[in-house]
Amino acid sequence: MKRRDLLKGVAFAGVAGATGLGGFPGIWTGRNAAWAAGSDIPVGVLFSKTGAVAVVESTLHDACMMAIEEINDNGGINGRKIRPFVEDPASDPATFADRANRLVRRDKVVSIFGSYTSSSRQAVLPVVEGQNNLYWYPTLYEGRECSRNVMYGGAVPNQQQQDFVPWLKEKFGGRFYLLGNNYVYPREENNVARKILKGIGGEVVNEEYVPMGHDSFSSIVSKLRRDKPDVIFCTLVGDSDVAFQREYHNAGLDPKTMPVASLTRSEIEVKAIGGEAAAGHFSSAPYFMGYQSAENKKFVEAYLKKYGQDQVTHFVNEAAYSQVYQFKNAVERIGSGELKPSAIRDAAVGQRFMAPQGEIEIADNLHSYLWPKIGQWQADGQAKVLVDSKSRMAPEPYWAYEGQECTAEGLQKS
Amino acid sequence: MHSWLNEIFIGLSLTSILLMVALGLAIIYGTMGVINLAHGQFVMIGAYVAWFLQSQFGIGIIVGLPLIFIAGALLGLAVERTIIQRLYTRPLDTILATWGIGIVLEQLVRGLFGSDSRYVARPEFLDGNLILAGVHMSYYRLFIIGFALLTLAVTWFLLFRTEFGTKLRAVIQNKEISECYGVSANRVYAVTFAYGAGLAAIAGALITPMVSVTPTMGTGVVVDAFLVVIVGGVGSIVGTAAAALMIGEATAWLSYLLSETTARILILLGVIVLIRFRPQGLFPDKVRR
Amino acid sequence: MAALTLEKLTVKFGGLVAVNELDLHISDGELRCLLGPNGAGKSTTLDLICGKTLPTSGRILLGDQDITHLPEFKRARAGVGRKFQTPTVFKELSVIENLEIGRSAFPGVFSTMRVFRTPIRGQIREVLSLVGLDYEIYTKAENLSHGQTQWLEIAMLLMQDCHVILMDEPTAGMTAQETKQTASLFRELQGEHTMIVVEHDMAFVRDIADIVTVMDGGSLLAEGSIAEIETNAAVREAYLTDTGDDDA
Amino acid sequence: MLEAKGLYSFYGKSPILQDIDFQIKDGGFLGIVGRNGVGKTTLLRTIMGLTDRANGTLSFQGSNLLDMSTPERAATGIAYIPQGREVIPRFTVRENLLMGMFPRADKSRSIPEHIFELFPILSDFIDRLGGDLSGGQQQQLAIGRALAMGPKVLILDEPTEGIQPNIVQQIEEVIRKLNREMGLTIVLVEQNTRFVRQAADSFVLLDKGRVALRGRGEELTSEVIDRYLAI
Amino acid sequence: MNKGFAIDCIGYALFAVFVVLIIPWLANYSGYDLNVYARYLVLGMAAAAVALSWGTAGILNLGQALTFGIGSYIMAMHLKLKASEAQAGGMPDFMGWTNMEELPWFWEPFQSVSFTLAAGILIPVAIASLIGGFMFRGRITGVFVAIITLSLMLAVQLWIISEQRFTGGQNGLTGLAALELFGWSVDVYGLAFYYMVAGCLLVVLTLALLFLRSKAGLVLRAIRADPERTRFFGYDVSTYEVVAFATSAGIAGIAGMLYAMILGFASPTYMGLSLSLAFVIWAAVGGRESIVAATLGGIGVNMAEGRLSDLFFDQWTLILGVIFIVVVLFLPRGLFGLVMDLRIKLESHFMANPISRMNTSLDKHRSETTASQREGK
C-alpha cells in the first residue's frame, strides 16, 4: 500500500512541479529583459484587437501606432524613441484592468494610450489613479468625469450637442425620438439633449434603449412609423447602429422627413452600413474624413497608404493620432526634467496642436478644446461638412449639472 | 391602427431568421446529440463568403447562395471529420470542443480579413416595400420568409421523402441496427453535419444586408438558435419551426409593447419555464436519447 | 396482516394497458413468486410498487400506508427495496462504496455529510462474505463478472434492509451452485422480510415459493400453490407449454 | 464459409469471448447454446462488428470480416436479427422492410414478394408503425427485414423469446424452411434447446466466453443439457 | 472510501505549498505579480465551483458566472458605499446622475461589512437553492440544466445592464474604496492580501474536499452514475443536487467577492457568457473529477493566457482555442486524467510481473480484512 501511495504522490508532485517550473520567474514574467534598458520612452498601447469592439478599436490602434512610428522616424522626442508596449485587452473590462496593471506596474510605462468604450475606461481608471499614471483616452464620451489621470481627447456632450440640436430643430422640427444602446453614454447624451430641447421648445416623443449588440430593429421602425418624430436622435453604437440604419433603409423611411441625427456614427459605421443606406443622415463630430484641410489631407493619405485604400479615418482615430503628438509636445516641453506621468500631464495642459480637425488645445480640466462640425452623409460613404464651428469649443464635462464644474483642481461644486 | 398586423409581420420576419439559423443546429443536435457552439461561427463564415463573393467577383447574395452553401458544408465536413467525429460518445464534451472551434474560426477570419465591419448589398430587385392593408413589408424580408419556408420544406422532404432521410432517421432511432443494415452512420453523420453547416452559412449570407459583418457576429446568434432548438424539442423540425414562431412573435409583440430589453428578459424567463415543464420540447419526437 | 396490497391497479402506456386492474395481497413475511410470459406485466408491477412508474388508477398500500403517489425515495424509506432485471449497480464505484450507498438508514444529506468512512465489520462484513465478495472490496463494480454484479446488487439490498424486497429475475446468469445459494438465502430472509420474486426458472420457483401468482396480458391469471399452478390449464397454455424440456 | 479461429472479443479492456473456434459450411445450421451471460449474444455481435475490439480470425467466404466495418459486413450478405427484434419503432412496416434493402449489391428497392408470402400479415400492415405491432408481428417484420437484403447468412438471437406459443411455432417453421428449402445458412442463438436439437446440424455450447462443447445438432441430448445447462 | 485518501492529502498538501510558498516566491513578493496571481487563484476557485457540481454530481452549470457576478456586485456595493461616504446622502455618484433622490432600500444593509460578507455567500446560495429546487424537483438534467442556467444568467445580466440607476449599468460599479476588515485596510497589491486570498481558497477547498470525502460526496457520485437507482435506496436525489448546486454557488460567490476587490470594480461581464464558459473550460482542462485539479486548471490556463498574450500579441486567442480543442479531444479527463494514467503506467512499470502484482493486491486485501476482523472482535 505504501508504495502505491508513494507513486501517486510522485505523479501528483510531478504535475505540481511542472506547473512550478513553468512558473519560474524568468520564464513567466517580464516581456523581455531589455525593457528597462536604453533611453526609450515606454508607453502602453491598449486597444482591443479581438472581441466585440475590435471593429473600432483596431483602427484606433492603427492610428496610434502610425503616429508613434512617424515620431520615431523623425528622430523621436528630444532624441529619444517612443517604445510602445502593445496589449490586446480583447474587449473585456477585466482584461483591460489586468493589462493596464501590467503596463503600469510591470512595464513602467509613462502613459497609456487606449480604449474606446466607457466601461473599459472605467476599468482602467482605478489602475491609473492608484499609480498616478496617465491614460490618453481618445473617444467621445458622456462627460461627468474629472479624473486628473485621464487625458480626454474626444468630445463631451456639450461639444457635440450645443450647436447640433438647435440646428436640427430649426431644419426639421422639434419632435425628437431618442434612441440609443443601453449604457451610460446614450443615457447621458439624452439627458443633455432633453435639457437643450427644453430650453428651445422642442419635445421628446420617445426614449428607447436597446441592449448592446442588439441587431433587430423592426419593432423600433414600426414605433417610428407610429410616433412620426421629426428627428431620430441616435446614440446607437457599432453593430446596433449598422443594423438599425439598414432596417431604416429597408423599411423605406425617408431621411428628408425623418433624418437620423447621430452622435456616434462615423465613417467606420457608414462603411458597414453602406453609403446608400446612410446617405442624407447627419452626424455631429469634431472631425470627418472628408474635411478639407492641409493637415487632414496629410493624415488621410498617410493612413490609407499604410493600412490600405479601403480603410477610413474617423473622429476617434483622428483623436488617437493627435493624442500621441500632444504627448510628444508635452514630453518635449519637459525637456531634461524627470519623465513621470504627472509631469507630462502638467506640461500638456494649455498646449496647442494643429490636428486634422483644426488647432486643438488641452484644457486645464484635461479635456480638449475641439472644433465641432455637422456632417451630412453622402452615398460615397463620406460626410459633407455643412456647418463648421467658428471657434474652438470649450469642453464642459458637467454641462448638464448645474453647480458642478471640472477644473484643474478637480471637480468643484458650488 | 394596423399595427397589430404589422407586428405579426415583424414577428414572422424574426421567425424566418431564427428558423434559418436554428434549423441547421436542430438537425445536427437531433441527429448526433452534438451541441455545436460553433454554429454561430458557421453563420459568420457564410456572411463572409457572401461578402467575399460580392466584393471580389461581384456575385450577389442570391446568385451566390449555392456557392455559399457548398463553402459552409465543406467547412462543416472538415470540422466533423477532424474533430466532432471523435466526440460522438461524449456529447457534453462537444460543448467545450465546439466552443474552441468557434474561437479558432473567429480568429482565423479575423486574421484573413481583419476586424473591420464589412458591407454586403441587398439584391437590387428586392429593394422597396410592399404596402398591404397598411402593413409595410420590405421585399427583402418577404423574400427571407419565403426562403425560410422553402428551406423548411426542402429539409422536410430530405428527411421524409428521400433514401438519405430514411437512413438518417434510422440512425437516429437505432444506430447499431442501421449499421447492421448497411447504413454507414459515420457517413450519415458527416453529411448531416455538412448540411447543417451549409444551412448556417446560408442563414449568415441572408442576414448580411441587415446586420454588420464582423468576426464576432456569430456569438450572439448561437444562444438564440439554441433556445429555439431546445424549446422545439430534440429532433423535431416541426417543433423547431413552432418554437421559432413562438419566440419570433413574442419578441415582436413584447418589444413593441414594452421595450427590447424587457422583451428579451421575459423571453429568456419564459424559455426557462417552458424547459422546466416541457423538457421534451413542444412537439416531442419519440426517439431515443 | 398484509404487508403489501394492490387494489385495482391499472397502468396504461398510450393505448396499451400494461397492468389491468390487478389485485394482490401479500402477507407479512411471505415469499411470493410472480410468473408469466414476457410482456405479461410482471416487471411493470414491480415498477408500480417501487414508484418507477405511476399508476393510471388503483391504490398501493404498504401495511396501512397508502404509497400510491409517494416519490421513489420516500417509498424506499418506507421500506420498499428493488433489484432490477438487468443488475443495476454503480459501475464507477467500488464494491464497498456500493454497499455504503446501500446502507441507507439515514439518507438525508446532512446525515451523510457526517459519515467519513465505512468500517468493514459487523453487518457489512457479514454481507460481504455471504455474497462472496470479500476479496473484491475495492474492485470497481464495472470490473465484476455478471454473476458477481448480481450478487452485489443483492448485497446492496441486504444492506438497505427493507421490509419489502422486490426481486426481478435474481438468478439470471447464475450458475447452478449460485442459484442454490440464492434459494437458501431467500429462504433465510423469508419471514423477516416480505419478498416478491419474478422468475422464469421453475426449479428455483419450486424451491422457494409459498404462493405463486401468474400474470398474463397485465391481468391476474391464477394464484395458488406451486402444485395448483402447474396443473392449471390456463397457465399451462399461456406460460408453461412450449418451454418443453428446457428450463435454462 | 463462415469460420472463426482463435477469436477474442472485447468490451473495453475485458475479453468477453476467448479463443472461439467454429465453422459453418454453406447452407449449414449452427445453434449456439449456453447459460445467460456466457457470451452468446456477444458472439453474434462480434460477427457483426458491434463489440469494441476483436482479435483472431473471422472469415466469411474467404474475406476477413475483422477488417470490415459493420455496414461492409452487411453488404457481404450477413443479416442480423438481434435480441429484442429492434425494428425501428417510428418507421412504417414498409420503411422497415426498405431498410433491409440498403445493403443490397443490386441497389434494388422493390421489396421481394416472397417475404409477403412468408408473412402475409406484413402486407396487411404495410403502413403501420413498427412500434405499434405486437411482439410476434415485430419478430416477423424483423425476419422480413433481414430477408429483404437477400442474405447468404441469417444470424438470429433468441427469435422466440417473449413470443406467444402459436407464433413461436410459425417462426420456427419459417427458420427451418429458410434453411432447408432456400438454402440459407443459419446461425441461431437459442435458449430453447429442443428447437436447436431438432433443427440445427451442429451446435456449440459456450461457457464463460469459451467453447465448452461442440457437436452435431442431435447430440444436444438431455444428458448434455443436464450436465451443462440445467440447474 | 478511504482508499486514495492519503494520495489526495499529499496532492492537496503539495497544492497548498505551491499556493502558500511557491507563488509568492515566483511573484518576487512584489505587488503587481501578487495581485495577478491572486486573481488567478480566484479564477481557480471559480473553476473549482464548476467542478464541484459538474465533476461530482454531473450538473453542468453554464451559468456559474451568475453567482460569481452576484458575489462581485455584493462586494462592490459595499465598497462603493464606502467610497461614497462623502457624497450627499452617502449615495453613489452614478445614482445622483440618474436623478435618484435617496439610496434605494436594498443598498442600505451593504453599509455593514459583516452583512456584506455574509450576503456574498448566502445570497448566491439562496438563489442557487431556488433555481436548483425549481429544476431538480422537475428532474431536469444534462443539457437542459445547462440551458436553464445559461438563460437565467443572461436574463439577470440584461437586467443589471438596463437598471443603470441601481446597478451602474454597462460600466458596472467602479471607483471602489478599499475594504476595511477589523481596522485593517486591505491593500490588494500587498502580500497580506495575497495570503488572504490564498487562505480563502485553501479553506474553501478543504471544506469542499471534506464534503466530497463524506458519504454525501459518495452519494453525489452515485447520482452522477445513476440518479434513478439512487432514489430506490431512499436518497432524495433532488435535495442532494440542490445542495451540491448551492454549495458551488456559494464558492462562486466568495470568488466573486474577492474578484471585485482585486480588480477594483464589478462589471456585468463578470456574469457573461464567455466568462461562464471559460470557467467550465478551465475545470475541464484541469480535470472535472477533482476540485483541486480544476483549481489548478483555472490557475494554469490563466497563467498560460497571461504568458501567451505577452508572447503572441496577435494570435493568443487562437492558440488558446486550439489548446482547448486538443485537451477535449485527447485528454477527456483533463490533466488530472493524464496524471492518473501516468500513475497506472508507472505502477505497471515498477511492478513488472502482473501476477505478482495481483497477488500483492490480494495480500493487501487479506491483511486488511484480517486486521478489521480483529478490530471487529
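So that you can tell them apart, the chains are marked A, B, C, D and E in the order they are listed, and the count of residues begins at 1 in each.
Rule of thumb we're sticking to: a residue touches a chain if its C-beta (ideal position, glycine included) is under 8 Å from a C-beta of that chain, and two chains touch if they have at least 3 such contacts.
No experiment lies behind these values; they were computed from the predicted model shown.
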### Task
Return the chains common to the contact lists of chain B and chain E.
A
### Task
Supply the minimal count of touching-chain steps required to go from chain C to chain E.
1
### Best-connected chain pair, where connection means C-beta pairs in contact
A-E
### Message
So the centre of each chain is just the mean of its C-alpha atoms; given that, what is the distance between chain A and chain C in Å?
### Response
72
### Message
Between chain A and chain E, what distance separates the C-alpha centroids? Give it in angstrom.
### Response
35
### Query
Cα centroid separation between chain D and chain E, in whole Å?
53
### Message
Averaging over Cα atoms per chain, report the distance between chain C and chain D in Å.
### Response
32
### Query
Do you know which chain C residues sit against two or more other chains?
none
### Query
Of all the residues in chain B, which ones touch at least 2 other chains?
107, 219, 261, 264
### Task
Among the residues of chain E, pick out those that touch two or more other chains and give their numbers.
158, 161-162, 274, 314, 317
### Query
Between which chains does touch occur?
A-B, A-E, B-D, B-E, C-D, C-E
### Query
For chain E, which residues count as touching chain A in their complex?
4, 6-7, 10-11, 14-15, 18, 22-23, 26-28, 31-33, 35-36, 39, 94, 97-98, 158, 161-162, 164, 169-172, 174-176, 189, 259, 263-265, 267, 269-270, 274-275, 296, 299-300, 303, 306-307, 309-310, 313-314, 316-317, 335, 339-340, 342-343, 346-347, 350, 364
### chain C - residues contacting chain E, complex
50-52, 71-74, 76-77, 81-82, 84, 88-94, 96-97, 100-102, 104, 107-109, 112-122, 125, 134-135, 137-138, 156, 160
### Task
Quick one: which bits of chain E touch chain B in the complex? Just the residue numbers, please.
60, 62, 134-135, 138, 140, 142-144, 146-148, 150-152, 154-155, 158-159, 161-162, 273-274, 277, 280-281, 284, 314-315, 317-318, 320-325, 328-329, 332
#### Entry: Residues on chain B engaged by chain D in the complex (per definition of touch)
163, 166-167, 169-170, 173-174, 176-184, 285-287
### Task
Enumerate the contact residues on chain B facing chain A in the complex.
3, 6-7, 10, 13-14, 17, 107, 110, 114-119, 121-122, 128-129, 136, 138, 140-141, 209-217, 219-220, 251-252, 255-256, 259-261, 264
